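Chain naming follows the written order as A, B and C, and within any one chain the residues start at number 1.
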């Protein structure tokens, strides 16, 4: 018996490593070299490519493609239709240079946000929905806009911090 | 015989309420508590969650997830890859507070737009493609940008209104 | 034997024209009147509508809907979750006017970008990830932002050109 749940309409290639308690939903495709931790929730129409790495307790909402070079640490939330980039100058059917992304522990990426390659999202940071993140985001920062800029600070509970030293 | 059309590759859970004449296309997933009205068109890779409510004559294009707390009234158009938010401060595997969205009668949401939680889109309004809507949109307004701002007015036919009182 | 590869979970309607060496991946839906050239890569959860036209050597990443009226020339790269618009004033269940898009030879559209109808993306141009393109993009221009503006120039290799005449 598998230690994780796989929806009948999900595809999980032999060789993918998936932790106990993780749930893989309909129309998801997990490739052979992917690594997914424990107690994750990988929602409909998402995709986890060879060499993508996802930690424990991660939520990936619908329509997210986690490509090679993307590392998602424990406790990260990825909203619906978030897009990760792993090639700065994409060109069809040409040689390319992989440039990774790291989303650190406990960060949350709002719906439809876009994360450029080469970027690190700091621990616990909150990326506002619809943002386009083109440079590193400090730990516990809130960023928003296109391009995304720091607009506030969150606590370890993910709620905004107010006041003089926020 | 079902009063609605379900593509062979769509998933519709027992208990979902779906009106006559509605069409549910491939790789769509409609959960048990979802309510969808009559003569709707729910396109490929979309998702309708428990407790989401969709009226009559609604078009949901490809890749849209309609989550719990989202209410879509009659005659609304939702473009491809539109994202709805129902949690202001998402955090993986933590308690959360649902905050809804209402899209009023006859409004249209452009492709890839992002609608923040707590927002009401007014009757007949037009949200430009790629916009990020962070506050209420007045009836028959056209909004665009990130964050979205009012840039014009539409008539009941959905076409821009010009002139002094527009 | 088919001259192209179709994943077991892809849908390709009879009548679709698909060139030699093209690969159609899981949860993709290609409609009867679609035309796709040779050596293309059409990735998971994408959709190619009747009368959409895709040239040779094109890459369409995950979650992209190529609608009627969209013409994609040879060698174009379309990033994940890119959205094309083919109706300026969409209205559910109302008559509409199709307005096309042309993406010229060798152009690349970054992840999550939105291309408004009526627009031509020039040869070899690079649309930054998350951009919203509302007007024509010159050949070999780099555009970014919402709305997208020209921010640089690329060479035929797709890499930025620097210096006085760039």
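Quick note on the criterion: a contact is a pair of C-beta atoms (placed from the backbone, for glycine too) under 8 Å apart; a residue touches a chain by one contact, two chains touch by 3 or more.
Since we're looking at a predicted model, the values are computed, not measured.
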**Message:** Considering only chains that satisfy the touch condition with chain B, which of them also satisfy it with chain C?
**Reply:** A
**Message:** Counting residue numbers used by both copies over all numbers at the interface, does the chain A-chain B contact come out same (over half shared) or different (under half)?
**Reply:** different
**Complete:** Between chain A and chain B, the Cα-mean centres are separated in Å by 24
**Request:** Can you tell me which residues of chain C touch two or more of the remaining chains?
**Result:** 27, 45, 63, 81, 112, 146
**Request:** Using the touch rule from the top, collect the residues of chain B that touch chain C in their complex.
**Result:** 9, 25-27, 39, 41, 44-45, 57-59, 61-63, 75-77, 79-81, 106, 108, 110-112, 126, 128-131, 145-146, 154, 157-160
**Prompt:** What residues on chain C touch chain B, complex-wise?
**Reply:** 11, 27, 29, 45, 47, 63, 65, 67, 81, 83-85, 89-94, 112, 114, 116, 132, 146-147
